[in-house]
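There are two complexes below, and they share chain A, which is joined by chain B in the first and by chain C in the second.
Right after this comes the complex of A and B.
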């Protein structure tokens, strides 16, 4: 079998794409430059009070640039649809789009559904008013779906850990053979994005690696927020010595260079001492604490309801907590095995803990800053006059009013956590060396980067697009929440 | 102002002490010490051999004592070896304790100890490596600051315009690209022998002695790109805020040309906030320095940090952390003081 080209029978379209893209770039640059010289055409005021828009050279340029950009989008759409329909006939791009069909379907349904219901979805629905926010949402959802379907074996073409002697550092499109001269029956015929230095499929590893990020990053950020909120609100509300001590501790952690902290916490030697497990035992208490105080503050006037709610919440989260902390062969072994729901591998746990540890002080500072500001508002004074307890005021008066900036920061912070996870992988810390996560894959690929760039380039672009999506999403959310 | 500075220095000192103690405690954990013994001595040592190896070199004592010795508060150890010689922290190995050897030798006496990996005094290693990283950082600043300020001012002077949206997208893209991603992309495009343009070199090892555009531009650009977006966005926000002020409107209504409004009235006030952002960005650039020096094999401060940390080189690691903590706290202090100096409406008391 011949090595596949990138575009297959759609190759003639490539010329069209280049022409359209060059035209769009040139026109956009021209428009940008012209903006400094030409003034925009002024509307003409009519006698009846209406305005007539007129078109100057600037508007014509703008129109032309927009048309060229639409042409680019059209050609790309043909690549996507044609690729999904034709599969490998349409080259590697076709093959990739074909493999991603489940993602396209899920993406289409989610976006169409959200768009139709956008009036009832609050801030999330308003996101569709901003181009930037929508673009970010699409990128983020793409990777979420790719990761989820990837774990169900719907997208990956080969085993992400399976090595092949014949495929070492082969360029994208090389036909797959397990050993030299041996054809593989029933296997996917090519490595879509080539093979890495051990002959593993770069495309499958990229998809499998997204699961690590989608699993850890949002959850770790949520934990960091729980810690930051539970400590930041009282620091701002009570002030005094508590505030001084907590701020000093937060600044202490922030003064550590992140990479030094990772090197100190995420080594096999430290895992052997059990320190990460103890840190997890402390840090995972905060969500339980947070939920308990939250519900108690709200319902302490209705004892019957409160008792039931608290028992259910503490019971469920306590069980989860103990299963998470207790490990069969680890440092902490509390629960009997038949009650232990799951074991988190030591490598994942230590990565999780260190990422929460690095993020929590920043969240603390943000929450504290916002709370200090809101504390002075009239509705807080009203609640105090009403005789509400301090925790009720913090969690049910201050926190809901701080949600706008916190949601925006959450999106940004998930992106930053993704970058941190990549950094850990890049230095080979925490996760096992054969792990397909993006950072480790970049680390593997960088040694031969000058000769074979493709094994490192694929995960690098994947990470870039996910973080970009999260940043755009945060920007869109910020814009829409400011408009409120 | 004097009280403010005094208090800040006290907090700085407390932070540095706490931090070095944490680093000291973590590097002196039993499994880490065992690793040191096995890499420095013999990989196949048995557990009792490891213990005696560590005890003979002063590692076997309690943590506060060892930390006090490193600080120079407590007298250095003198331990008699099995072969009859004496080994001491302040004089190495000798037949007997030399009469002129000082009792204490720690940071307070100016002795930063010896690196177990490089077998050189820590002070000398850090001085040379820091100079190399200083060269890198200088060029990063030269490239990053003007570019970021220009982008920010251009975007912020007409908020919501096409220019603003285009430039804001560029700065979002740059904040979304960590150094290990932009480094990989830049090397592929500009330095790869397989597909790229081959304009520059993918390694900066030769730039340590002789930096040229060919071997030094890629690492500098890689670090500058990540920091640039953030500074540009902060400049844009500050510029957009200033452009809505009353005095700008007055100047516009008076008939001052837009260019003069931006350059003479808005710019100076808009640059106060970016100054603090740039100062606070320096510690973050340290991360980028570590990644880029590893990726491009430029043996500066970041590269030393990685070597020290991965080999559990205790005294070198402590020296490295002291330097980075001082950098972090000093930049914070400068940014606070500078903010007050630039903005007469705020006072520190």
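Right after this comes the complex of A and C.
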């Protein structure tokens, strides 16, 4: 069997795509240049106070450029739909789009649903007014769905860890053989994005690797926020010594070289002393602390409700906490095995701890800054004059009104954490050596980059698009939250 | 000034709209006015009526979303629409200068004052730096700033608010403009400083012959500064004319309603209460057909007033007096229908709050790094002694920095007193911080805040916020009972019950302030500290909120401590007045006593500083020099001696060395003045405000 081409029977469309793209670029450049010479047509004011936009040459150029751009988008859409319909007939692109059908369906349902309900969804709904925000959302959702469906074996074509002697460094589209000369029955016929230096499927590894990121990055960032908020609010609210000490500690951690810190944390000798586990034990306490204080401050005036709520929350989160911290063979072994819900692989725990540890101080400083501003508001004074406790004021009067900047920062920080995870994987820190995560695969592919770029390129582009999506999402959110 | 003289500024049928994501919002419609050379034109209206948009339109500085959709603006006969960006840049700052509300925001904090001043002529006229500097010194002398050389070298933050505003005015005058636009130039300043700045603006207008467009919501201020006035409502000019004509022979129902809702001398909360304008200001995209003011107008005639757009019509007999009312010939304007007489007058009851020699000092470390050294003391409250009775309104008056807010904090328990006592129902509470106070005590003493946009938590529903207060004050046994009580409270402040589920951003300023009042009364408060509760509201809403406070006070027998610097509303609302200066009570007594001689010299100055929107009033003009001294380093002896006009009347150096004793007047010595002047001198003082006989 011949290696598959990229576009298959859709090849003629490539020419159309280039023509449309060239036209769009040329017209846009022309419009830009004409802007210096021609003046925009004046809006014509009518007697009833409305405006009629009249058309000048500039407006015509703009219209033409827009049409050309639409043509590009149309051709791309044909590629997607045609590919999904034709599968490998339409070449590699078709094959990839076909494999991703579950993602397209989920993406379509989510976006259409959110768009229809956007009026009732607050800030998330307003996101659809911004092109940049919508683009970011699409990119992020794409990777989330790809990761989730990837774990259900819906997308990956081959075992991400399975090696094939015949497929080493083969280019994208090479037909799959398990051994040289042996055709595999029932297996997916090609390596869509080629094979890496051990003959593993690059496409499957890229999809499988996204799960590591989608799992760890938001969760670790959320933990960093819990720690940062729980410490940042009192630092701002009480000020004085507490503020000085906490800010100093934050500066201390921020001043420490991040990569060195990671190397230290994952060194087997350090892991053996149990320091990362103890750090995890301390950091994972913060969410419980946070929830307890949050509910207690709100409901201490209604003792019956408070008792029930607190018992439920402390019970559930405490159990999760103990399961997380307690390890059969680790440094901390508190919970009997029959109560231990799950064990987190030691490497992942270390990665988690390091990410929370370096992110929390930055969140702390942001929260502290916003809280310093909000605590001067009259509604805070009003809460004080009716005798509210400090934690109620911090968590129910200040925190909800700080949410705008915090949500934006959360998105940016998830992106930052994604890169951090890539860095950790690249240096082979924390994660197991065969792991399909993007950082490790980029590092593996790097060695033969000059000859076979594809094994490194695929995960690198994946990382790029996810982080870009998160940054665009953050931008869109910021822009929309500033508009009224 | 004759009509033949070409006008400096001529606006014809101006319409300005802002374009948002959803719709076009017309901000100004069909606005015309003319400003002649040397004339000062006042532009009056409530917030959102488009008065600032007119000013920005004249400057052609409407931002990206604003656009002039109709009409033309002629400046010295030139159509502004014909000017390109470059010509406009030359015009701005040179021929037309603008002075904004917030002086600190108009000055570059990173540039020395001298540099900012000289920049103006250097850019616009290309003259040498040294020449510009000479002119800067002249102009600084003109705006009456002491020690111009030092001020030129200062950074803006080293100057007080009043001095900053003078710098901004000086900057505007540097290019000797033919038109000066002042957008609420004194709103951010204290009354006495405001009076000085207004005096200055008037004098400069006379000296330089500059035309002025004076934007303000304060009718009194406009009366003092302007020759002509234009009243705006919801994007339209509704009445324009000579200041005397409009004030004395108003021909538009909105102008009349405005005058009825501001406390003029003669208004009285019992006999002649204010009349609030019913209803709400229409949103720009929900304006009614026909007359914008129609739905709120007493003289509305269906089928006529709401039929079509209403043009301005000249009023016969007056010079350039025009009104946008179809019916002004039918209305009997002489009948000033004031509200019905409210007979229920509650007499003050027992004394429930006594303050004895209250003292509050803050220690400020000289340096955070090196402990020890000298700690400096801010003497916020030096000695406060007074009492307040049940169902009484006691106004606390004074400029910012006089210690009003510190006293409120001590009373509420957010701070503890350094010395002296605060006694509530015979229980001392001055030393008890709020954490150690009983729930009942906390619920008894509550506060209404100044800024309606800041008083409610933006992310909690109205109902939740009131119910939280009920929970904290242990009112109602169950969630359902509290909800019921919360709805009752909404009734009390006259808000519809549906508001319980609204978010604060869905409410107007006045409505938010009502929620703030409901929250303060959640625990059945007996003492309510109202910190300028109406000063941030629009004129027409002020009356309604003030009346609401009075009504609740009558039914609940609440003691109201009314902190304010607006003496007009104080005179209208309060039973007794306490005047504070630098942490001292300088005068206290019944309202009528404080507002008539004998005065404390400070009270006298305050009274003369308040602008009054009544042409019948003549005032003695007393302008205070300088600013309130720092509480860190108060003058020895009498606190007011540094700014006092009467100091020469006191023999020797008594004022510099000794804090005066209270001089008592009237029956039971209810009227007290802290001054070294002899009783005879004090009694011989002339009244500051005299009302010409009608």
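As a working rule, the second predicted complex is superposed on the first by the 472 of 484 C-alpha atoms of A that agree within 3 Å, B and C clash if a C-alpha of one lies under 4 Å from a C-alpha of the other, contacts with A are read in each partner's own complex, and residues count from 1 in each chain.
Simple rule for what comes next: a residue touches a chain if its C-beta (ideal position, glycine included) is under 8 Å from a C-beta of that chain, and two chains touch if they have at least 3 such contacts.
The structure presented is a predicted model; accordingly, all values stated were derived computationally and were not measured.
The superposed arrangement places chain B and chain C in clashing positions on chain A.
Contact with chain B, but none with chain C, is seen for A:260 once the two complexes are overlaid on the shared chain. In the superposed model, A:33 makes contact with neither chain B nor chain C.
Contact with chain C, but none with chain B, is seen for A:386 once the two complexes are overlaid on the shared chain.
Annotation for chain A, partner touching more residues between chain B and chain C: B. In the overlay built on the shared chain, the residue A:339 is in contact with neither chain B nor chain C. In the superposition on chain A, A:307 makes contact with neither chain B nor chain C.
Residue contacts after overlaying the shared chain place A:248 against chain B, while chain C stays out of touching range. Contact with chain C, but none with chain B, is seen for A:401 once the two complexes are overlaid on the shared chain. Of 63-71, 81-89, 315-323 or 459-467, the segment of chain C whose C-alpha atoms clash with chain B in the superposed model is 81-89.
Across the superposed pair, chain B and chain C touch chain A at no common residue. Across the complex, chain A is touched by residues 11, 14-15, 18-19, 22-23, 26-27, 29-32, 34-35, 161-163, 166, 168-169, 172-173, 175-178, 180-181, 184-185, 187-188, 191-196, 202, 283, 286-287, 290-291, 294-295, 305-306, 309-310, 312, 317, 320-321, 324-325, 328-329 of chain B. Those residues of chain A that touch chain C in the shared complex are 43, 45, 47, 49-51, 129, 301-302, 377-379, 381-382, 384-388, 396-397, 400-401, 403, 483. Chain A contributes residues 28, 31-32, 35, 62, 132, 248, 251-252, 254-260, 263-265, 267, 269-270, 272-273, 275, 415, 419, 422-423, 426-427, 439, 442, 445-446, 449-453, 456-457, 460-461, 463-464, 467-468, 470-472, 475 to its touches with chain B in the complex. Residue ranges on chain C touching chain A, taken from their complex, read 15, 17, 19, 21, 24, 26, 29, 67, 69-70, 412-414, 434-435, 437, 439, 442-443, 446-447, 449-451, 454-460, 469, 471-474, 479, 516, 519, 523.
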